[in-house]
Amino acid sequence: MTTSEPLTGLTVTKLCCVRGERQVFRDLSFHVAPGDMLSLVGPNGSGKSSLLRQLAGLLEVTDGEINLDGAGEDQTVADVVLYAGHLDAVKAPLRVSENLSFWAAFYGVSATQVEPALEAFSLGHLGHLPAGVLSAGQKRRLGLSRLALIDRPLWLLDEPTVSLDTASIAALGDLMRSHLKTGGSIIAATHVDLGLEGTRVLDLSSNGGASL
Amino acid sequence: MTTSEPLTGLTVTKLCCVRGERQVFRDLSFHVAPGDMLSLVGPNGSGKSSLLRQLAGLLEVTDGEINLDGAGEDQTVADVVLYAGHLDAVKAPLRVSENLSFWAAFYGVSATQVEPALEAFSLGHLGHLPAGVLSAGQKRRLGLSRLALIDRPLWLLDEPTVSLDTASIAALGDLMRSHLKTGGSIIAATHVDLGLEGTRVLDLSSNGGASL
Amino acid sequence: MNAFFALVQREVRLATRVGGGGGMAVFFFLIVLSIVPFGIGPDLNLLTRIAPGMLWVALLLSALLTLDRLFQADQEDGTLDLLVLAPQPLELTVLAKAVSHWLTTGLPLVIAAPILGLMLNLPLDGMLPLMGAMLIGSPALSLLGAVGAALSVGVRRGGLLISLLVLPFYVPVLIFGVSASRAALVAVPGDLGGQSLALLGAVSLASLVVGPVGGAAALRVAVK
Amino acid sequence: MNAFFALVQREVRLATRVGGGGGMAVFFFLIVLSIVPFGIGPDLNLLTRIAPGMLWVALLLSALLTLDRLFQADQEDGTLDLLVLAPQPLELTVLAKAVSHWLTTGLPLVIAAPILGLMLNLPLDGMLPLMGAMLIGSPALSLLGAVGAALSVGVRRGGLLISLLVLPFYVPVLIFGVSASRAALVAVPGDLGGQSLALLGAVSLASLVVGPVGGAAALRVAVK
Amino acid sequence: MDSWTEFFNMGGYGPYIWSSFLIAIAVMTGLALQSWMDLKKQKRLVSELEARAERKRS
Amino acid sequence: MAWSIHTYANPTRFMNFSAIVLPYVWALAGAGIGIGLYLSFFVAPPDYQQGDSVRIMFVHVPSAWLSQFGYGIMVVSSIVALIFRHPLADVAAKSAAPIGAVFTFLALVAGGLWGKPMWGTYWVWDARTTSTLVLLFIYLGYMALWAMIEDPNRAARVAAVLAIVGAVNLPIIRFSVDWWNTLHQPASVFRLDGPTIHSSLLWPLFVVALGFTFFFIGVLMVRMRAEILRRKVRTLQMQQAAA
């Protein structure tokens, strides 16, 4: 649990996003401090996923700036960010526990963290099953259990609640709450209310994008 | 709009589902009449998707029976059912309208129906775009627009609201309401409330499945 | 029938839009053929001697390389479920798939064959019979390949598996195809070209039945 | 380094669990080699003469057939995003991918080569040098292939595209590989085997740099 | 003694004949053994699992 | 659970039946092979053309026959499995494949060892040798398909389709001799005008072949028993994991 240095904030200034020649949003500015939760809302196509990918460094920044306030000289976005997109990055032929163990090893987390991370989403008893037989929601939970495994200050979540049942949504809420409490920040795109206190909302529908 | 004969009902008797040697549910019996909406609920892994695939004939029926009451001699489940699963069956390189036109031709629907079907989910102005550039919700809407295109009495929907924004959920609700009003039936698995009047709920968590 | 053509049209459109359609297949064919001389040395006599065989082996390989996505892509994005549930008989759907596969790999190669023949120093007047043999034999590759592709739906690393399943069935096509082409090109005394051609046609006709029926049976099992 | 081995282990495990690992590659290799005689006729002298070339061409092809899923599968299920975002340098990730590809295709073929040689009537005492040449040359195939696989991430029908991108780069491997093998097998007077072998080694070493660096650069672009 | 050497020599074809017979015997024995051991293993697994199920029930 | 009856009623009967007959099958196999070996070394005379090397025939020809016999079993069981859904049929098909593959391998090896003295090389690319090699590939492809599909029920059905489609290849193997220039012996035992092999070689050949056939049946039964138990193990494991 030592990979992450505390991040004192993320500042986004006049960020623009152009995809396929079309302006998705422009002049987006906001600041996220430790302990902040920012909820991205807006109709389909307003650019929530695009913004998250830009923040993660997975999409070209057309114009504007993204700054990590507390980051060291040689620290890149990738050292600070944990990204969970639409896809779960789960390999069907590997067992549930093997899937997570791999990410532990690859992100330099001790193997002893795997069990607790699975438990965070009540997947412990499914550990020996091949991931291919999981139901949609179980697979999603396996993807999300990386949040409990890898320690990064800034979480970028793209519709994390998709396919989850009520119990799992509550588990995700707990995990997010404790992440915020320990000084982490979260930016999450979602169409449903996660019921987290003090959530700030960024509505992308009004941000100058072509009205798609 | 003549492919479908009116279905007088679907009767399921003592249906069992075994996947990978594990019992998912057993002895499931219910009846769906024209105009009925049945909502499948239950935690992740309780067998909602499996039940829908069994009803569509896309998964082996281990034991029990599925009967179409009003179906003619030579009518199979496939003639009656419209299935919309987790995946959208959208081809990224084809334009939005081409995607839907293909399904129209393949299911024997007149090409003039394509425009209105796209409009049902406000996709009309995106028709010329390659489907690959759609956002998650837009892609989902394209998949769902098949419901407005193809006329079948029984809809089987697996978490249709995933990724949809509020406006699109409302549009889906309208479509479902009018389908029910014209004597259609719907069986839908979902974790969120669709706000349709007179919905019956089938809770799979209590149906003898191993508690996964 | 409408549904059949709609599927063929869609498949061909998909192939042209993302893979340059037939152009890609021809290009691959060309590269394989130009690699061979590096492998066996630049002896032109030897090359001419094995040219008909090389043409057919390259034809098989380019068919194989494109087969693995035939149904797999549809399964991964959910299209396959809808194809199986459609009112159109699954046999026709498989046939449409095989036809589009042939239109985007087999046919372009037949048309390009003379150019390749020229590169391998084949006699010009044998070109038409050669193209005829390829035209008659290549549909069998797509039709038999469709069975292999359907069998390996849902299997990861399907590409290699398809090769294993399908190549044994390609053997008769290869034997008759090569002997018909050789008769056309090298003018074997006591020419057997006609007979091989007839057998090649018979194989193609047989696979016109085996392909759709076997493919549909395999798909029905594979979606479940 | 831990991350490196974790990735190699995962890849090999995936390959064995779903594709029978190296067995499948050997099997494919065997089939291609036994298909060729059908194409060019059963003349054993001729076959022996072109045997080294065929071995290498078959090696290239089985590498090609497995390359297209190298990064594509990871992109389709979202794994690639996470690999790019991980603390491990992307170059090492690409190297790990190439190493696992080699472990599941190149290495098994090297080991199986003697059996294939026997079927092609190659002299027994040339087997070890042949295996040596394949051992030295085959890593280049996986390393260079990784660049092609990275370049074609996100492109449908990537399989053919990769072939087009990669085959030209395989030519030097093929030339030196074949001439080294031929020297070993046919004992060419004024033996050039040593020199070819050295050049082959040089190509492999060069691709040890080109592969990871080029592959990582291509991936960085492809994810965005 | 001489007749035995002659017998093993098989008119000069000895190596081919003996190796073909020996390989056949070895491979067939191997197949039978492997099948038999697999059967043993499955029997053992079944009884283990049934015992465990029994224990759970009681 | 109703489905368990469907799955086990017949296999149980098979388990009982096979337990009873297996010893006799083994005895017949042992006798056939034992006597056959004796006959082939001490009774059968050297061939007037091929000398002692003709003795390889006693391994080669029965193996070649059984390689095709095995595929026949696979095809018949697959048809039964697909059409009648008999729960034993796909077990039989799956179990027959490795045995058939082994005999195909033996036919190849013995043929190769026979070829060196007769043709001067271990391997020729003629029609029958090559088609036997292709048969081995089909066996291996069939086994690969089983191995690569996790769920046995699905694997059974997919593999059955392959086996049936692959049956097309059996006549090809037989007739390929006529299509392709060939070195290999044409049919000399089973032909319309009677065998052309001398009877002093012929009847030891039949004794060995009979022994091999019983061996095949014995191993098939053992493998089927193991396969039935393996599925039972899988079911029990999954049920206990779920509980």
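Before moving on, here are some points about what is shown:
In this document, chain identifiers A, B, C, D, E and F correspond to the written order of the chains, with residue numbering beginning at 1 in each.
The working rule: a residue touches a chain if its C-beta (ideal position, glycine included) is under 8 Å from a C-beta of that chain, and two chains touch if they have at least 3 such contacts.
Only a predicted model underlies this, so the values are computations on that prediction, with no experimental measurement involved.
With contact taken as defined at the outset, chain B and chain E are each touched by F.
Touch-path distance (fewest steps) from chain A to chain B is 1. Most remote chain with respect to chain F, judged by CA-atom centres, is A. Mean C-alpha position of chain B lies 37 Å from that of chain C. If each chain is reduced to the centroid of its CA atoms, chain A and chain F end up 56 Å from each other. Shown for chain C are the residues in touch with two or more other chains, namely 14, 18, 76, 155-157, 161, 164, 167-168, 171, 175, 224. Annotation for chain B: residues 20, 60, 86, 93, 212 touch two or more other chains. Residue positions 130, 134, 137, 140, 144, 148, 150, 180, 237, 241, 243 of chain F are each in touch with at least two other chains. Touching chain C in their complex are the following residues of chain D: 14-15, 18-19, 24-25, 27-28, 31-32, 35-36, 38-41, 46, 49-50, 52-54, 56-57, 60-62, 64-66, 68-69, 73, 76, 155-157, 159-161, 163-164, 167-168, 170-171, 174-175, 178.
Every residue of chain E that touches chain F in the complex is listed here, in rising order: 7, 10-13, 16-17, 19-21, 23-24, 27-28, 31-32, 35-36, 38-39, 41-43, 45-46, 49-50, 52-53, 56.
Residues 147, 151-152, 154-157, 161, 164-165, 167-169, 171-172, 175-176, 199, 206, 210, 214, 217-218, 221-222, 224 of chain C touch chain F in their complex. Chain contact summary for the complex, chain D toward chain A: residues 2-3, 5-7, 10, 13-14, 17-18, 76-79, 81-88, 223-224.
Within the complex, the chain B residues that touch chain A are 19-20, 42-45, 49, 86, 125-126, 133-138, 140-141, 159, 162-168, 191-192, 212.
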